[in-house]
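Each chain gets a letter, A, B, C, D and E, in the order it is written, and its residues are counted from 1.
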Amino acid sequence: MITEPRQSITNRVAFLEQKIPRYASVLGITGLLVLWEIICRLNIVPPLFLPAPSAILTDAWDMMITGELFKNLFASLYRVGIGYVIGAVLGISIGLIVGFSKWTDAIVTPIVYSIYPIPKIALLPLIILWFGIGEMPKVTIIALGVFFPVVINTFSGVKNVDPVLIKAAVTFGSNHVNVIRKVILPGSLPMIFAGLKLAAGTSLLLLVSAEMIAAQQGIGAMVLHYGNLMITTKLMVGVLLLSLLGLLFNRGLQWLENKLLPWK
Amino acid sequence: MITEPRQSITNRVAFLEQKIPRYASVLGITGLLVLWEIICRLNIVPPLFLPAPSAILTDAWDMMITGELFKNLFASLYRVGIGYVIGAVLGISIGLIVGFSKWTDAIVTPIVYSIYPIPKIALLPLIILWFGIGEMPKVTIIALGVFFPVVINTFSGVKNVDPVLIKAAVTFGSNHVNVIRKVILPGSLPMIFAGLKLAAGTSLLLLVSAEMIAAQQGIGAMVLHYGNLMITTKLMVGVLLLSLLGLLFNRGLQWLENKLLPWK
Amino acid sequence: GKQGAEEAGNGSGKESKRESINIGMLKLTSSAPLFIGIEKGFFKEENIDAKAQWFEAAQPIAVATAGGSVEVGATGITASLYNMVAGGQKLVIVADKGREQEGYSSSAILAPSDSSIKSVKELKGKKIGITQTGSTYHYMVGRVIENYGLGLDDIEVVPLNSIKGLMDSLKSKQVDAVLLNEPNITTVVKEGYGKVISQVGEEIEYQTSGVFFSPKFADNKDVAVRFLKAYAKAARYYYDAVLTKKDGKLIPGENYDEVINIIAKYTDQEPDVIKQGLPYMDRDGKLLEENIKTQVDWYAKEKLIDKAIDTKEIVNTELLEQALKELGK
Amino acid sequence: MRIVVENVAKTFIDSKREVTALQNINFSIENQEFIVLVGPSGCGKSTLLNIVGGLLSPSDGSIYFEGTNDKPNLAIVFQEIALFPWRTVFENVVYGLEEKGASKQEIQEKGQHYINMVGLNGFEKAYPKQLSGGMKQRAGIARALCIEPDLLLMDEPFSALDAQTRTLMQEELLTIWNRTKLSTLYVTHNIQEAVYLADRVIVLSRHPGTIKQIIQIDMPKTGRDSVQNREQFEKYSNQIWDLIRHDAQEALLEG
Amino acid sequence: MRIVVENVAKTFIDSKREVTALQNINFSIENQEFIVLVGPSGCGKSTLLNIVGGLLSPSDGSIYFEGTNDKPNLAIVFQEIALFPWRTVFENVVYGLEEKGASKQEIQEKGQHYINMVGLNGFEKAYPKQLSGGMKQRAGIARALCIEPDLLLMDEPFSALDAQTRTLMQEELLTIWNRTKLSTLYVTHNIQEAVYLADRVIVLSRHPGTIKQIIQIDMPKTGRDSVQNREQFEKYSNQIWDLIRHDAQEALLEG
């Protein structure tokens, strides 16, 4: 039998479908930690410069047992909690109002956008002048830091609500209040959540700045304390705790979002 | 002539089309400034607590004439410039590589995401240890702050490149290098620019933190200096300059984006 | 006289190489000997090109010295310095740069002028403002209250980050007491919103600050000794000008105005302000070596340092002794 | 009850230029009449439908209901479907009733009735994103029917569906319409669809949108796609296509 | 040269379940033949086209060109159009030539030739976003023609266009095809379109996608929409619709 010459066609974009095993993502982080530990063990860099992960863990454990960690954690959570709630509530309310009315939008938006880029840390001295050195200025800084991303996201959320949905609501008989309540609020919730997540990171960032103001307790104060003392291992405990807190905070908001927005 | 009863139909969503005059956006800011000036003129709050806009302007003018402002501005621009370029170049390169290969993606992404939420300011003591007190640590902090948003945006940009475009390129004969060069890079540019804009804000924020490290010149150092001395008027000059810088930086990037991406 | 010193300098100069030395320091009066040394050319005489590196805070100076960014650091001796040494960063304290001394006003605990607090004893349970944890202020407060049977657990220490913050908090009574140094004490008392409760110098002996060398520089013995010779000479110049006492009273010595003006120039302050706060210093720049041990023990007790360290590791008096020997008198 | 569109014109004024989208539009929708608007892209079909639906103000002219004293009830089926993503199918369908303040029982009954009518029983609790395109548009139709409107407006309701689903949905729409006999204004690109559904077809021309012709479709409302009507169906289709063809070709080459 | 699809099967393995999209697919595309794949939503048309186009690996079976020793040249016109947004029309059209390393002159000449062929002259420097849907798809077609492929693949190229534009584009495609006579595999939902364009229509069934029937369209390639062919056209359309109808109805009710 004589067969004609053949040219097979094969998949040229197989690389797009490449499957990566689950463990790869764990691999990266573990690899990094192991490498870090080895570098420290071999004394390639002095422990002051880069404490070993094991040393950090040991210290963290000690600090947990003595209660130091929790005491600081609670103080910070309290501040972040209150500041976050105040900033978020104000941000969402003002964002909804500003976004709905074109007039308030035109007037308030430029103000918000020009205040937003001011580094809050530069305002510390003024904030101390205005609010003293108690809990007020700390909560205020955090609330300020939370307010801006939330308000900006809320009103972009409001403006991004598909106008056809508003038209549909009006067509089917909604008055203005119901348009806000039944269309604009739920329609901007995804953007509001994006703002809340952004603000979660910002709030922890500002926690450190806030606790520069005469704080005796708090993770930020702890980090500053050990930074002042140059006890870098314990400093790293605080730093890692902050990053863990950031991760948890984000996950929590994600969970809440999934609960509140089942339609997404 | 007998006419039948009529029921006219009128536009029920006229509020969506409401036109706001151009001057509204200027109105808000001017209104705020005037109010602020009045409050200060009436001595409702002491000038230490809230310097009047006119006083701030006067001081700004004086500082400009003495050259203090420019000296500090140039020192800061230099730092921000170098740090920004280093952070952006690293971020884009690593982002492109990580985004293109699923393996590096799976390994590097979790690492990046777990380091990202660490407040850079908490790392100040370590950064001083590592890089001393010259320009290096300052530039490093800024570069770090820029790197993360850029790298994250770059690789989400890469991953968001429509796979059908990659398929089209392969179909029409592109090899892997050309796929990256001709499809993935241009396709992720809009996201990269979004990252660059985000990083612009971050870089100015971190400028203040960076100039906490033994800096004699720079807008951040100036703000800290006048903050320590509680000369709030000059402090506000610095703060406003920072916010102005942020605005200009953003506009500049927007302009560059419009130039580079005429197809958007 | 000046002539003699110059001869001595030149005599030991041999064919010494010109060295460029970076000195990390703050714009504070307590750096006076270094200002004098630079201004009056004492370092140049030793063929040393001393360059000032200005810092905003004390701690980075220690870090920079240990890391070798600067060869010489001159600032307060804080817990962070001990911790760095414990963490493997070597540096050595070689000379005095200011201490608390009985009979010389320097640091004091102040309370708002209308406060009911009259003695240190009454500070129990009160808020006391300091600059930072682990700073010299922290130490002084801790040690002074110990003299009255109190410990750090009995008070609330509030870190306020800056001197200005301390003064503002005292003014607005956000704290019950603060620790301050001269000339700020005089300012506060003059403006009438604060009163002195206790002079630290009357309570404890304390080596507040020092001059320290990076390990590399300390090993470079020749230059190190030359540096200290110039330093000691400047310290004497300072002592003779501003710390001489007659009948238990401070009197302006020779070159008083010159020294004040030099300090004023380097610290960007008014001479009148400088005159209020001239810290005590050993005439030869000698350290209170045993006090360093006291400090280490106290910090360790208060858990402000991580691991105990041996005083011998961080104090080097040999270099100064050698320098004094060469300097003579 | 009859809806009259009188002398309607619409000019959009941009920052750059003025676009006259509609001019001189006069027609009426009789009681229980199914009117279809066809025309090439950009001729102003949506603009006209939105004006009639009270979602856009005409620059000139007016629209009114004749022979009624009550506020007329309008319902729109949108091209973009426009279901509320955060409401389930049932909640979407009864939205209009809810806003009218209907009783719980009425809401329950009517909602279920119209959901059954469009064949979505079993999907009451599903969210829009869980539905296929065809099912979404059925929900949109049920929402419009549920308020039992005096005038039903539909803007290319099936244009996002694939050809086969579209064919099936046209058949279903006709069945539903035969039951409810609502006065309807329907916009489409698709000439077959127009001939299949309309009592009268209004053909619009472009630049500016004016009425080119109004064509009465003289065929029985059911079975228009049967073999015996084939020829007449073709005749109407060709007539409309000939009216539009030139405009459509122009539209194709405008970026 | 002939393209053979032999025993092709495709199973997608998800984390949750296995979906058999295609099973037992056997057919061939003869030289200069225009094959149209029709079938209800989700029957595996795109999957099959992607496998033939070398963008997806079959789970079983193979595809090969018979009677050639050269690496075959494929071109695809995508449903999503898939023009590179950052390239002008001209740059998009000549992309394939560029990647083949053609000379500057060849690129210039062929690019212009095919741009003229699809009627886009004057728009060479426009970016895709400046074009209407119909014009975009013309550019996509020019890009595919420009490499003069051995097999042209088209996946519902006109499904995003409005009905009238679609009709016009079908006519143009036929004109172009009559000039180039490329072997073509064309996927569509639209039965009229299939009958209008195809030499043979392959009808797929759902779950899993198998070939239900292959129908030879015995009509002249031009003028199929003319009156004299009307009846035969209808016959083929109805034959295909009857094969698909049941599957399509099922597809409509699957969320």
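By our rule, a residue touches a chain if its C-beta (ideal position, glycine included) is under 8 Å from a C-beta of that chain, and two chains touch if they have at least 3 such contacts.
Values in this document were obtained by computation on a predicted structure and should not be read as measured data.
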At the largest C-alpha centroid distance from chain E we find chain C
More Cb-Cb contact pairs, comparing B-C against B-E, go to B-E
Max Cα-centre separation from chain D goes to chain C
Averaging C-alpha coordinates per chain, one finds the centres of chain A and chain D separated by a number of Å equal to 46
Separation of the C-alpha centres, chain A versus chain B, in whole Å, is 17
Rounded to the nearest Å, the gap separating the Cα centres of chain C and chain E is 85
By the touch definition above, chain C meets two or more other chains at residues 59, 63, 168
Multi-partner residues in chain A (2 or more other chains touched) are 12-13, 48, 129, 167, 170-171, 228, 230, 232
Where chain E touches two or more other chains at once, the residues are 53-55, 74
In contact, pair by pair, are chains A-B, A-C, A-D, A-E, B-C, B-D, B-E, D-E
Within the complex, chain B is touched by chain C residues 24, 53-57, 59-60, 63-64, 67, 69, 162, 164, 168
Chain B contacts chain D in the complex at 4-14, 17
Note: in the complex, chain A contacts chain C through residues 46-48, 128-129, 132-134, 212-216, 221, 224-225, 228-234
Listed in rising order, chain E residues that touch chain D in their complex are 40-41, 119, 123, 126, 130-132, 134-135, 159, 162-165, 167-169, 188-191, 193, 230, 234, 241, 244-245, 248-249, 251-255
Chain A residues touching chain D in their complex are 162, 164-165, 167-174, 178, 182-183, 186-187, 189, 261-264
